[in-house]
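Shared chain: chain A. Partners: chain B in the first complex, chain C in the second.
Up next is the complex of A and B:
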């Protein structure tokens, strides 16, 4: 690759010089605003009131997005922003999982704010370069690259006509271009999307980190909600940051000792127990593929079923033994000893624009194996790896793509769509080549693949309007809510997880609450009140990671050996205390575990009201497709007939003997939908919301968020 | 390679090794800043790096390596202070002290061996596989 030629074609549009602000107790209190419409680059001071209420990370992102947009702003309006922010803990190196960036924008999928949590080195380097957040607004006329040199205090906007758009190529090109030497490459991080994000609303962002052992730029993804589409709509090819000189105390913490103690304790625990617990260092999140299958929770054939006889072909050990290397180490930020990232090295591609290339593939994560694999009836590990690679480099959200593809495959198998509509693709479950072809089409913006890139919500409309499909049936089996596709867990038999998906701010993504084991397997939250408490606590607790710049995995994918003896094992009390300690250690505050929840509650309610401000965020928007709640079809009921018949007897006092399956489905449906409504009532009450899902003014006052702009929105709904 | 070998049975727990180590490297007589540390009691247990090198592969920035003598050394200038090597040391002999943002370890310099009144510790040149000796 001749990066000199690429660079020579750059045309400088704007340059800004600054004195990088010094970090103090986790903050610089400066944020960077870049308007690429008029090439304006400005520094902003963070007011104390904003810091107090919005904390950082996703809190800052949502606050800036609120201020920058109106209730009518569409995702592709120039005023829509992409905001990237770490948080006060982002960039510490002693505690695992502390290098995350939180990205926020108005989503092309949901028309409300989306937030996505992503690894790679960008977030820490942004902070070390003097900025607590980066706001990007406006639209460029031609493709541009934004470059931030955090050591010399220079920011450039360049027109960049020649660089590639696909994530793995442009990340390599720009790492090469901006590094002074091989050794310098670890000081570069690149944000990019991919060619599919030129067209597909499910476009994602890739954040790079340079792997010094494999000598390749690895990619982590801000996957959900189409942020990559927004990046490409703004004609941004990449955002590059360079910062040299990372040390363990650049956050200038108030009390380094508290952080050291927590971090070393966790490193030691991971060293001692990970091999017999989650094996995150061996295989990462993919360790649960076979576990999900065993518990009947692995989404299969568009969430109709929860297991499959062929799952052993894509079990975690298959990837460990045949394809991937890991543990070199594979943290996506320095100091992450959980090291869940992994790579298939020298993988030769069989299809598409890079056919024959030998590439490094990050993954598969559990979600990729389940979404691209089992949910589409595909149990070929090489095809899953290949689809994983193309999703990343084309800039496609694997979760949405998997779920959309599964939906289209079910529609095809049921005759709702046919070959004429798919452009000749035989879109049956298990057809991996067809699935890959959809990706290649999406990257070119052509054919049925381009339609797939619009998402399940749009596909339902198209199939109804143009192909005469039954809207009720499609609403039952199309696994999206608020416009976002459901992530890859089968929630049918866990009421709490239905709420974990449905009663969320951004849409059905499991990062707010994953309660299936607590609810269904361990029966720890039997009553509505128990479930409501869990659906209050866990979403709030998990929101906190997004305020800080932290990863969720080191919280509960490794356990202290005596965790089961604690009062509340599901909360991991020792780890919660670590978080309290590292927060206090960095910021010099003196919070406790309750204050931690309060910090999150403020942002959670702010985001809810942001949705309401945009005409969403009410009870009707929290309804879930019935496929998430119970058996839609004859086959689904029959596949679990014994369980369902027994439930009719035990829970409804209904004798299934002599009844047709259709009759039983109807009775079951009424019961389960009612359960979901009762759960919704209990959760809203616990969260301090009206029965319509609106935060009350009393509640806002209680949590210190009675801000005039929020009261203005909610008072119209109370 | 050069390693510090130990014989717990000969150790009398006098602390001379800890004093000379911390004084040499940190200008302070402080056990917590000594690379060699003795758990004193009825049976004294000497804890010190055996140069096994597990930390070399753990380091995310590849700043731990062996020198020509086979001794495992940390390049502190480029260390990012994550302390993963501390948590993953199988001997629990990678050290950390809150006064510093980098870890530290025994470099088999032999100062302590020269001070030891009972010859409980000594510098030996061993083949790599010789570490089983410990």
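Up next is the complex of A and C:
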């Protein structure tokens, strides 16, 4: 890699010098605006009113995006922005999981704002460089790189014709280019996408952090909703930040000891109990592959079923024992003792543009193993790792890709599409080589792979319009909502989780609420009101991580040994108190756990109204495909006949004896769809919304969000 | 008949907590078990007998996300 030659080809388009603002109590109160259309770089002051209502992170992102766009702005219009922000807690090193960035843009998949929470060092370094947020607007004419030097206060926009586009290559090139030495590499973080993001709407962003032990730039992903596609549409190859001098107190907290106390307690708990709890340090989120299978929740064959006899081949131990090098814990920001990041080193690729290369692969996360693996009927760990690698480096959202592939495979097996349409690929469940070929095609923008990159919603339209498919059936089995693919849990037997997917702001991603155990297994939220309470509390609580720059895993993938003796074990009360304490410790405020929820509620409702402003965000947009709710096909019903027959008897007082499967499916469908409607009513009510899903003016006023621009939008719907 | 998480479950002679967990395929590591409101420690799952009519709760602690 001759980075000198790459650098020599750069052409400076703009340079901006600044005095990095000092951090105080978690904020600099300055944000950075870069317009790459006219090469304008400006500093903005954050007004006190914005700080009070929007807090930081995703709150700032949504606020800037609202101001920058109109209801008609499309994802590929120049005024669409990519906003990246940590939050007041982002960058602390005493408490696990405090290095996240939140990224917001208008999504090419959903045409509404998408937000994504991502690790890597960029978010903290941005703050330490003087900026609470970075807004990027406009479109460049040629490929560019944005470089922020946070120590010297220099920002450059360079035309950059020679650097690679694929994430793992460009991250290495730019880490090498901007670091003064090997030691200095840890001070660099690179945001990139990949070649598939040139074409595919499911393009993601890679955020790098340099792993000094492995001597490689590792990648974490802002996966959902196509933000990488927006980056590449703006002709940005990469955004690079450099900051030297990371220390624990750079946030200049108001009360360091509050933070330290919470940190010490959690570190000790993780040290003492993680090995018998979630084994996050050993295998990360993949620990639940086999658990989901046991509970009939692991999506297999496009969410038709919840388990598979071959799951043992991709169980977490297989990855630990055979592929994950160094059994040592691995964190994506300093001080995270939960350390769930994992990597397979020296993995030799068998296909594609990097065939024969030995690479480091981050993962697999649970979602990758389930999406790329079981949901597509693939139970070969090496193939899953290879697809995982290519998704990351080409810049493809593994969750969407897995779900789209599973959908296309089912369509193929049912004869809705054929080899002529797939360009010769035999797209049966289990065909891992065909799955990889789709990725390679996507990276070149060719063939059936290019269509896959458009997502399930577009594929359904194409299959209906061009190949005569039955639209009702495709709507039943195509696992997307609002244009975003469902993430990798089977929600059929948990009404609350159907709501956890459906009654969300950005689409069916499980990061608002994961209620399957509470609901289906523990039976702790039996009534509609109970479920509605959970679908109020958890989405609000989890929104808060996005305002702060925090990772959610240290909240509930480790628990205090006496958690079960508390009033509300599901909420992890001790951890909630830690969060209150570290927030007060950093910012000098004096909030309690209720005010924490109120902070989130303001942003949650703002995002809902942002959707409504764009002609979405109403009840009809919260409907789910029936595959998420109950058995669509004969085979699905028959595979769990005993369970479903029993439910017909117990819940509907309906005698299944002598009835055809089709009749039973019909009765079950009416019942389950009605349950979802009743749940929707209860949840909207609890959230202070009308039956059409619109926040009421009274509710906005109650939560201190009666802003004129919001009232203007909702009053047309009330 | 016993209750497991408020739902009916067939009782049998010699049913221990561990046997119940095996039968229900409750393999998730972060659980706690109560019988009639009393916590059963993990080390005692093998030796704790469940009586006919008991109210058993097996609470899986992975909530919210």
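Keep this in mind: the second predicted complex is superposed on the first by the 714 of 718 C-alpha atoms of A that agree within 3 Å, B and C clash if a C-alpha of one lies under 4 Å from a C-alpha of the other, contacts with A are read in each partner's own complex, and residues count from 1 in each chain.
The rule we apply is simple: contacts are C-beta pairs under 8 Å (C-beta built on N, C-alpha and C of every residue); 3 or more make two chains touch, one makes a residue touch a chain.
Keep in mind the model is a prediction, meaning the values are calculated, not measured.
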item	value
Between chain B and chain C, more extensive residue contact with chain A	C
Partner chain in contact with A:295 - chain B first, chain C second, else both or neither	second
First, second, both or neither for A:552, with chain B first and chain C second	second
Partner chain(s) touched by A:564 [first = chain B, second = chain C, both, neither]	second
First (chain B), second (chain C), both or neither touched by A:270	first
Touched partner set for A:334, first chain B, second chain C, both or neither	first
Which of chain B and chain C A:248 touches, first, second, both or neither	first
First, second, both or neither for A:526, with chain B first and chain C second	second
In the complex with chain C, residue positions of chain A that touch it	276-279, 290-291, 294-295, 510-515, 517-518, 521-524, 526, 534, 537-538, 541-542, 552, 555-557, 559, 563-565, 569-572
For the chain C and chain A complex, residues of the former touching the latter	5-7, 25-30, 32, 39, 57-65
Residues on chain A engaged by chain B in the complex (per definition of touch)	93-94, 186, 212-213, 246-249, 256-257, 260, 263-271, 328-329, 331, 334-337
Complex contact set, residues of chain B against chain A	57-58, 60-62, 79-84, 86-88, 96, 98, 101-102
